[in-house]
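Next come two complexes built around chain A: one with chain B, the other with chain C.
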Partner chain A sequence: MAKLSKPAKIYLAIVFFILYAPIFYLIFYSFNSGGTMSGFENFTLEHYAAVFNDTRLLIIVLNTVIVALLSALISTAIGVLGAIGIIFLRNRKMRNAVLSLNTVLIVSPDVIIGASFLILFTMVGVKLGFASVLVSHIAFSIPIVVIMVLPKLQEMSSSLIDAATDLGASQRDILTRVIIPYIKPGIFAGFFLALTYSLDDFAVTFFVTGNGFATLSVEIYSMARAGITLTINALSALIFVVTLGLVLGYYFFNQRSAANAGTGGPRP
Partner chain B sequence: MKGIIRASTAIVIISAILFYAVHLLESSSATSGSGSISVYNWGEYIDPELISQFEEETGIQVIYETFDSNESMMTKIEQGGTSYDVAMPSEYAIEKMKENDLLLPIDQSKIPNLENIDPYFLDLPFDPGNEYSIPYFWGTVGIAYNPTLLEGQTFESWDDLWNPTLEQEVILVDSAREVIGMGLNSLGYSLNSTDLGELREATDKLKTLGPNVKAIIGDEIVEMMRREEAAVAVTWSGQAADMMWINEDIDYAVPEEGSNLWFDNMIIPSTAGNVDGAHQFINFMLDAEVAAQNADYVGYSSPNAAALELMDPEVTGDERFYPTEEMRDRLEVYENLGLEMLGVYNELFLEFKMDMEK
Partner chain C sequence: MTNRSSRPWYLAPYYIWILLFVIAPIALVVYFSFLDLAGDFTLENYANFFSSTYFRMTLSSFWYAFLITFISVLIAYPTAYWLTKTKHKQLWLLLIIIPSWINLLLKAYAFIGIFGLYGPANQLIQFFGAGPLQILFTDFSFVFVAVYIFIPFMVLPIFNSLDKINPALIDASRDLGASQWTTFRRVIFPLAINGVKSGVQAVFIPALSLFVITRLIAGNKVITLGTAIEQQFLVTQNWGMGSTIAVFLILFMIIIMLLTGPKEKGGALNGKAK
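Entry: the complex of A and B
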């Protein structure tokens, strides 16, 4: 790859600075003993202590993570099978129709999805809380997983499956030893995207929470009415660090599997 | 495939561990006892220590949730699927909820601490006899201003806002009844006026304020005043208190012609599951010491006479936030004007805003 010219590097630096400046601004003030986002007084860790002393806030953070992990896992399982189903639809028209329906779900506003879930849950008589949030998060994550997995499936040559059949593989073997290993990067990408969608979703969750169950985005929104306290800054800083760790972990994971692929040999 | 199965198992195990952690946290924050209640309140509108204290004293676990507007709270309650036991809406929301049968009557015999409340705040037009609601906090609408940016100008009258030196300095709160009400008050009319002639006159007067108005916004007012981006704001007393907490230069005044007096109240929604616990909670919040601690934390004006005696006299003697009864006589509570009249107010407010853009 050609080296970047100097103006290009400067441009890149400016763009990244603009993107990250608000986050660092927020983290910087989480150490402010002054209590507001204007005028830095002294370095303090009291806001971090406040985060760990507020059990309600901690419960909300943990709930948010649980919902994100489980909804991402379940929607990935459903989404991958759905994508495989779609790709093997013989009827072209039908396949396009199903794909369009999937896309409609991605582009339709969260508010509408949230409102319709609220109406559905109250009509069926489901109590609003953990279950309703989990179900709605799974629902809006599935189309995203499908979109992430489809390109991998499309690029997979159908002769791979023919060869496997020739060699005596059963339907089950084809799925678990040919298709899924091939689309594995797509599956992980879909999982991580579903995870982030669930973590930062506000609109849908806002409609379907109730009975004391809240996720972080909904809680911060309510707190912001009376001005954001630096506890939120501290919490955001912690979450930012954890996310950074996750991204780095994902990066090393990818590096390793890329290296494995380079040495050849069948992947498990 | 193995990798995927391994990753999935790891996720399930992590989730299970987190579940267990949540369970531990929940049980550590609540002492075992008779059931739980759900409290639905504005964000940052209670001292969290008091919740723990209530849990310790009664053994009832409190599930605490917050909302950001009367409208979203009403929708949640109306839709069902939730079982809030206590909520804290503003007075106009109470009238609406009463009309829609969303409230349960309060049994005053279970709330002995009601006697702590200043009688002035009981039996108000929006809920005669306090059948459905108990006052929680109250406040006024007035002018917050920063004298250091204004060469010492002060505000005694709404008409001071029309001073030509204030060009592009005044922020208004984005709410039809507050702004039109201010126009009506400045002319000496009632802010519950339904006389179309008076309303027209008030709107025409407001239009002449146009050159002085910098912005018509919501909660951002507090930040803008703190950062001294604006010098004058028409706003609620609670927001003014928030500003003064950070920026000590800011002052607050309720104009002499009169203004609005508002209340947030504790109510029991019709969906409540633990009515007995709800009464206990309301009674607890009215306790003199509890109410004093809460008012100290939240910073709004408390209607609890017994609590005021326990509080710092410098705070309770501050006539900007605890106006004397004589001053309060000039203040009016919003009456429910009906949908049609509200439409007229909204339309006139829109007309005023459109006129500003010219």
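Entry: the complex of A and C
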């Protein structure tokens, strides 16, 4: 295959520069002792200190992590069971209908998810706050888990289950000792995606969070609307490192079990 | 297979989820679109939607979404094409994708600084001798930031479909005397059109419903359908009108999905952009 021409290399270099420049620009100015994102004065870590001394902010970070972990765990459990249910649906029409319903929340714009959940919570009478945010995150993560688990289930030969049945395994044994171990990579991929979807979400949370509760995204939004504070820069540098760690960790985890996977590609 | 007509208990949560968080929310949005501020039945919201104010807003939202999608394709296609020719292409692709994992708000926030009156963009302009310009809060900055955010979503599906093309087809085309351009136009482009379609699908609908960037970067200069919904729900508190706009956004979404055809396998997760 032909090697890349020079213009092609320059083009790619420009694209990569534009993609990464804003991120490094943010991180660079997090070390600025001047208060703005222009004109670098001196190196300082004071903005990082500000992040770690801000109890309110730390509580918000804790909230965000708790919501992400809980919602990922619960949505993975429900999603995995749902995917197994879909696989065992013998009626083709029914199965397609369930699959279409499953994708609705994946393709819907966040604004619509947020707005409709807001109506739902208000109608049911759920107080907006931690509970409504957690439930929404579980709700929009479930279909992603199902999508990640289904291909693994589809490639699993049904003779495995027949064999287990013949050997006298109960329904419960089949689930916990045959199916779940087999689809483990899909479950991990689903859990990981659910985690990042929750950490990343702004729009849905923005709609269903009340006054007393905030996640990091919502907090950053209100800070950014107020103007530039280098605390956000320090915060974003920290988030960048954590995100990078998660993505690379997931990537290598995936590579290791890629021999039989092929689906769990990274989410753009 | 044994007959599994007995529904195991463990399916219940999933079906409850479908009922409560897929069917009920859509039904509620449709229901609320027929309510006025007092909660009585009305068709006024629909009449309003076709009035000139909302009609113009819808048109401009479509125009911006079209512009954003079009520029994204223009930038992403060559990127994806040349990426498939690099040596460690999967690694380079990963590097394209990583920025999309960074929280959208942080990227928007970075551009508040970059496009600011004393930011690097203006320093560059001044270097070339022009005065500082107001870049932030213009439609230019809105389109730029939106394209920036959507580029990875466009590169990924195009890359995947380009990467799937059998190189023998390209060799065959060359052997039969086609020029490089003809090969691209008649062989590569048609074979990879599905990637472009999924990319368009992954960008156009989110572009219609963006509201974070419009608020932070375009400063209310640009109103998309998403911004209008957010405004009706959280500022004006007119849920009826907000729901009506949402109903139309859902309709547009369905039409676009029908137009761009079924998604490619593996592209199913592309649509999750804000």
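Points worth noting:
By definition in this document, the second predicted complex is superposed on the first by the 221 of 268 C-alpha atoms of A that agree within 3 Å, B and C clash if a C-alpha of one lies under 4 Å from a C-alpha of the other, contacts with A are read in each partner's own complex, and residues count from 1 in each chain.
As a convention for this text, a contact is a pair of C-beta atoms (placed from the backbone, for glycine too) under 8 Å apart; a residue touches a chain by one contact, two chains touch by 3 or more.
The model shown is predicted, which means the values in this text are computed figures rather than measured ones.
In the superposed pair of complexes, A:Lys127 makes contact with chain B only, with no contact to chain C. With both structures placed on the common chain, the touch criterion links A:Ser116 to chain C but leaves chain B unconnected. By the document's definition of touching, of the two partners only chain C reaches A:Thr196; chain B does not. In the superposition on chain A, A:Met156 contacts neither chain B nor chain C.
Of the two partner chains placed by superposition, only chain B is touched by A:Leu70; chain C is not. In the superposed model, A:Tyr221 makes contact with both chain B and chain C. Contacts of A:Ala164 after superposition on the shared chain: neither chain B nor chain C is touched. Shared-chain residue A:Leu99: touches no atom of chain B or chain C. When chain B and chain C are set side by side, the one touching more residues of chain A is C. Shared interface residues of chain A (contacting chain B in one complex, chain C in the other): 36, 38, 77, 118, 221, 224-225, 268.
Taken together, the chain A residues at the contact with chain B in this complex read 35-36, 38, 54-56, 58-59, 62-63, 65-66, 69-70, 72-73, 77, 118, 121-122, 125-128, 132, 176-177, 180-181, 184, 187, 210-212, 214, 219, 221-227, 229, 268.
For chain A in complex with chain C, the residues that touch the partner chain are 1-4, 8, 11-12, 15-16, 18-20, 22-23, 25-26, 29, 36-39, 77-79, 81-82, 84-85, 88, 90, 98, 101-113, 115-120, 123, 139-140, 142, 144, 146-147, 158, 162, 165, 171, 175, 193, 196-197, 199-200, 202-203, 206-207, 216-217, 220-221, 224-225, 228, 232, 236, 239-240, 243-244, 246-247, 251, 263, 265-268. Residue ranges of chain B in contact with chain A, taken from their complex: 1-4, 8, 11-12, 14-15, 18-19, 21-22, 25-26, 28-29, 38, 42-45, 48, 63-68, 76, 79-83, 219, 222-223, 226-227, 242, 246. Here chain C touches chain A in the complex through residues 1-2, 4, 8, 10-11, 13-15, 17-18, 20-26, 28-29, 32, 75, 78-79, 82-83, 85-86, 92, 94-114, 116, 118-120, 123, 148, 151-153, 155-156, 167, 202, 205-206, 208-209, 211-212, 215-216, 226, 229-230, 233-234, 239, 242-243, 246, 249-250, 253, 257, 266, 268-274, going by the rule given at the top.
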